[in-house]
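Paired with chain B in one complex and with chain C in the other, chain A is shared by the two complexes that follow.
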Partner chain A sequence: MEKQTGGGDRYDALVERITRRNFIKIAGAAGLVAGLAPVLAACGGGEEAAPETTAPATETVATTTPATTGGGATGRPLKIGYVTPQTGALAGFGEADTFVLAEMEKRFADGLDVGGTTHPVEIVARDSESDPNRAAEVAGSLVLDDGVDLVLVEGTPETTNPVSDTCEANGVPCISSVAPWQPWFFGRNGDPAAGFQWTYHFFWGLEDIIAVFLSMWSQVETNKMVGAIWPNDGDGNAWGDPELGFPKPLTEAGYTITDPGRYPNLTDDFSAQISEFKSKGVEIVTGVPIPPDWTTFWTQAAQQGFKPKIASIGKALLFPASVEALGELGDGMSTEVWWSPTHPFTSSLTGQSAGDLAAAYTTATQRQWTQPIGFAHALFEVGADALSRSADVDDKAAIAAAIAATSLDTVVGNITWEGGPVPNVAKTKLVGGQWSPGTDFPYDLVIVENAALPDVPTGGTLRPIPGS
Partner chain B sequence: MEWVNAVVQGILLGGLYALFATGLSLVFGVMRLVNLAHGDLSILAAFLLVAIVDATGLDPWIGLALVVPALFVIGYVLQYGLLNRTLAGGELAPLLVTFGLSIILQNVLLEVFTADSRGLDAGSIETSSIRISDQISIGWFPLVTFIVSIVLLSVLQLALSRTRTGRALRATADDPRTAQLQGIDNRRIYALAMGIALATVALAGVFLGMRTTFGPAIGPARLIFAFEAVIIGGLGSLWGTLVGGIVLGVAQTVGAQISPGWGVLTGHLVFLAVLATRPTGLFSRQVRQ
Partner chain C sequence: MSGELTVVRATTASRLGAVAGVAALTALATVPFWASAGDMRLLVEALTLLALAQMWNLLAGYAGLVSIGQQAFVGIGAYGLYYFGDKVGVHPFLAAGLAGLAAAALAIPTAGLAFRLRGGYFAIGTWVIAEVYHLLAVNTSYLGGGSGVTVGSAAALERGTREDGTYWLALAAGAGAVILVYAVLRSRLGLALTAIRDNEEAAESLGVDLVRAKLVVYVLAGLGCGLAGAVIYLNLLRIQPDAAFTVNWTAYMIFIVVIGGIGTIEGPIVGTAVFFVLRELLSGYGTWYLVALGGVAVVVMLAAPGGLWSLVQRRFDLRLFPVQRRLRLPPAPEREANP
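Then we have the complex of A and B:
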């Protein structure tokens, strides 16, 4: 074997002893370790006393004891399990948790009154790590090890579905939110005739977001050519479904859809989609990409000279930080709004208005309000209300029955499971908003569409994207 | 013309992949170390720059001059203080340590910077482009990324072949024991290699942060493409790494032109095809057994 001594264009000497077998061995071990990750994490999480192995110290166990009880007996502590994605790719959905949990700790400091008996309340918060398997696992540990009376869960179907399934299988009442109801219900093979026994969900559905987007688009003069950016994931496939998703109602409303097809998340190049949109003369872009993909698409679109008039995007543009990260390109993006400080609702637990709650969040965290605050708060409202109305807190069926009978005015509106589209689903109202240069923060979400909830004041109509 | 544009965009994308792959290739070449925290370290660099920009209001392009040396120091200390100790423990030990490092980095970044998507504002260069025809535009930013990767590889190539330190690096990679007999301190050479590798990773992370947005959990996804570029190009060949990146980039964009679902998949298929037919990569001349 000849050794290279000169410079040349290679440094082969570096790899004298790297044979293919050698590399494959190491690379194979790399794969093995990566594959082991969930197992390693599982080992740590399974032990009762061990803290989460891969998560930071976000696990909170807040027990409250009734300070002074003005009469009435003191009952056993009630345990509420709470599962959200606090770390990982979905962590934006769990960002309000620390704030909401601290608020709840204050609220439940005096315990919860159930039929004249005051019960201390213990909230056991667990991190799903944005991983469906992990979510199912922590739900299992809440049910089996902690013996919780009620489970609350929120943040995309990847979190709500495995936790709901675990609760359904173990006969523990569970309330979920922040996932469109179709993936929650049909994604779990729900039967519209039978429904579920233990699990309840409140949020909006695809029909609502389609209505909101169509209504926003009608405010701007366009050629009705729509380009779709639907990734190959749970949301993308639901939105792009020819029957249940966007294509059918959009076509009926006179729009023409250009759908290049599902692409994998974390794609680094969108030139294929952009050139197709350009050749079809697309003026409206819609989709449900993850934030980095939307930035890649939108920046590349600008480079390639594709400037649509409207971009209505779910998921990627929910959080103010994602819009800020776009820089000047963020101006004019539109998105769905589930909750805002201007929603005309108040909390049944604290009496705060939506505006008060958002202001309290900004005061506590120095951060701009985000939509999950209202729904995380509302989950505890509905849960506390159901527990306090239950005939017998030691009977899980009585708690589930109390959930089913809910009719509560929360900070996200009235929640009732009567008259939902399918059993176990309660709908909340959806409006539309547009990101515009803000006052206290770089961008504010301005409500531009309120057909479903006229009490939410609009701050104007949809502007075409600057420069289009 | 759409196809020509796809190829052009793919070549430019290859520049970014080559930036990511260079450090990985170098570290594996010198000390047989597969750094599983490679992607996370690039995100660390991007976040460092975000912190600098937030604190000082400095232009990200100028801040780059601070982040690259910072990552060099981090790499040097990391290798000298931690990873050198694991090298004696066989191939699995450094792998496990860098895997652990990857998890720690992700969670520390999450604690410090929250889960928000962040971006680096490179200014108007991000969206301006050279219009060649109605169908073909070359974005200035991807072009700059591509040029930077070529300059970086040229400089590394020159340094490795012409300088005394470069010779020491090659000698250590060739035969650590004999190199030691000649008075070369292997531990320092390894630390230097990791320092250089992380300096290139800093460039890659910052260019990624300017191109798109990033969050604390996005690192591992960057590692795969870097791996593939290294293997396609051939271990040990710096220019091969560039070609590997370009092949991967073009495969992805041309695949996506066929159908968007085929983009990333085509890249993987080309990688598998190279592994099956030319296991040592396109640019590795010798097959050693």
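Then we have the complex of A and C:
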């Protein structure tokens, strides 16, 4: 018997030698992938993610127990799922989450009253990691594992669409925001005649941003030559769509568009686009790149001596961190403004004005206000309002019906799904702003266009980019 | 010489393993009748990742094909599901199967390109080819382009039907991958693969048809990864080209196989279990979760270069899937009688 084991050992030793040798080859390849993948991710996410070191644990569970005093009975806990990109290339959209979630924890400390019954509220926050696969996965786990009653989601079609699709397929009410409504609705094969059963969206649309950009551009004398950098993603394809996007209305307004075609996200060389813009004499640049791509484009444009008078950029220039990343080159960039401290709205949950909310954020985080604060807050306003009005919190259809019947004045304005451009879409108003050297922080976002919402005071008109 | 040397394949452990395997498979097949939808969803993810890892194990651990481009077939499976389900209009479950076959079919021309390269060049070459498929998907507006598509045919299915069907397909992919690798290794092809693994030139000089053996393995791996990809997106419902063709799929496969033990059938099973335990425990910690995954990989590589299963194998001489041949000497008394 001992001899047999001896034979086995020799065999094993041989096998081990072989596998060890092969292993070194394979481990090399594995190391390569393991080493490169984070580098690739870092190229995209590093810039935006870097200031996020104080970002929350990606999963925040805030449970509140109602301090019921007399009167209403106590109901079961209501669970609200919340999905945002807290890490990765889109991290800017989740920057305000820690603050907003802490505010909500305070607000829901006494529970939520639904038809005389007080329910504790539990918020389950999940990170999409800026990855559509992960967004669908966490949405599925919120719906199936956590059994949430309602899902809230925000931050670009790459986040809202997979989450909304998962909710629609599983019959769970979902409210989304911070993605133009066209990529959310048409990008999910929405049928304007039928709409969706479980998923609702509030934000502005392409028609609004086109109006804002055109109005801003009319404030500066240019040759009306527009260069477009539209990426090959949900937003870029919607913006560049010949019928539904920018090209048709811009042409009608007398502008000439130079569109070098869709480029993949995380492109590291924009020389082709820049030289085409230079040769066509482009004076206005517009587009919807992700933040790292705009930094690349604009830096290379400066190196190659391309100096347009106007750069009106969606998505990439929303956040102070992205503008600061450009250094001195950030001065004069313009962007759409969905929410600012000067918006004349107050929260239905806390009674704070937009200005109070932004000030509270700066006090709590020592950071400059950022547009998602208002919309993240408003998502909870709309969600809490719908839950509190629902006829039966144990019936998901009743919650969806309550969402559909919403008419609520929130910190981002009135939200109602009555009379939207397509079913399930509610619109908010849009104004335009320009980044200018600031007082407390390197750059301030100054409102320069307010046609849609005249109650938002402007701080001047659009200046041509310095040095152009 | 009546006391002949004998060749033994099965062991007590492997016979017990076979019984346990059949029992586990039966238990898994009944999951939709008693488990919660959330648990089923987790199992779908685990079984599809097991299928992917097992395919990579077959490629790298047995055929010496270190591919970093298997995400190509995951993406092809995803888009195959969309194409057959939404564009052609067949039932999504059938579409998933067709997507697997389409991936296998595309593996043949892919191999024609990739097999011109060897070693490290092959690894990078497969990655480049996967990027080509990615760019094709991104630039084909018929398939949704860079914006991605919703798998409407699957989303329209009744919820219970979709969940149960997806689960059984995932089980077929996961268990099928294990059985497939086992069957391949027990076959004549398996013998050829073992020879190739040990020394390609020597194997060829002994008459092993290298190209044929590798091609069969590569196409089988394409089939497995394609089917797994289709099932993954039956579960996720939304396909975005950057996500469907992400190199992360291959990184997961490599992680699981290296952690569990390359060149063993048990390894990827152990690796998948470890990966999911780590993910469920740590994914709430954001970036630290990725740091922990990397740390685990480094520790396992240094402490147990053959993977976790190699520790078990060495300590207990345990083999649940008998693919090797063992030489048994005749019992001792017999040998004494025949000096």
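Everything that follows uses one rule, which is that the second predicted complex is superposed on the first by the 410 of 468 C-alpha atoms of A that agree within 3 Å, B and C clash if a C-alpha of one lies under 4 Å from a C-alpha of the other, contacts with A are read in each partner's own complex, and residues count from 1 in each chain.
Just so we're on the same page, a contact is a pair of C-beta atoms (placed from the backbone, for glycine too) under 8 Å apart; a residue touches a chain by one contact, two chains touch by 3 or more.
A quick note: this is a predicted structure, and the numbers were derived from the prediction, not measured.
Contacts of A:426 after superposition: neither chain B nor chain C is touched. In the superposed pair of complexes, A:269 makes contact with chain B only, with no contact to chain C.
When the shared chain is aligned, chain B comes close enough to touch A:95, but chain C does not. Of the two partner chains placed around the shared chain by superposition, chain B and chain C are both touched by A:232.
Contacts of A:131 after superposition: chain C is touched, whereas chain B is not reached. Of the two partner chains, both chain B and chain C are touched by A:87. By the document's definition of touching, of the two partners only chain C reaches A:189; chain B does not.
Contacts of A:321 after superposition on the shared chain: chain B is touched, whereas chain C is not.
Residues 1, 3, 7-8, 11-12, 15-16, 18-20, 22-23, 25-27, 29-30, 33-34, 37, 55, 87, 232, 262, 264 of chain A lie in contact with chain B in one complex and with chain C in the other. The touching residues of chain A, when paired with chain C in their complex, are 1, 3-5, 7-8, 11-12, 15-16, 18-20, 22-23, 25-30, 32-34, 36-38, 40, 55, 57-59, 86-87, 127, 131-133, 136-137, 140-141, 144-147, 157-158, 161-162, 165-166, 168-171, 183, 187-189, 231-234, 236-238, 262, 264-265. Contact residues on chain A toward chain B in their complex (touch as defined above): 1, 3, 6-23, 25-27, 29-30, 33-34, 37, 54-56, 87-89, 91-92, 94-95, 130, 232, 260-264, 266-273, 275, 278-279, 291-293, 295-296, 299-300, 302-305, 319, 321-322, 324-327, 329. Across the interface of their complex, chain A is touched by residues 2, 5-6, 9-10, 13, 16, 26, 28-30, 32, 34, 36, 91-92, 95-96, 99, 103, 106-107, 110-111, 114-119, 121, 126-129, 131, 135, 137, 139-142, 157-158, 160-162, 169-171, 173-175, 211-218, 220-221, 225, 227, 235-240, 249, 252-253, 256-257, 259-261, 263-265, 279-280, 283-289 of chain B.
Per the touch definition, chain C reaches chain A in the complex via residues 36-38, 40-42, 45, 60-61, 64, 66, 68, 119-120, 123, 135, 138-139, 145-150, 152, 154-155, 159, 162, 197-198, 235-238, 240, 242-244, 246-248, 250-251, 254-255, 258, 262-263, 283-287, 290, 294, 297, 301, 305-306, 310, 313-314, 317, 324, 326-329, 332.
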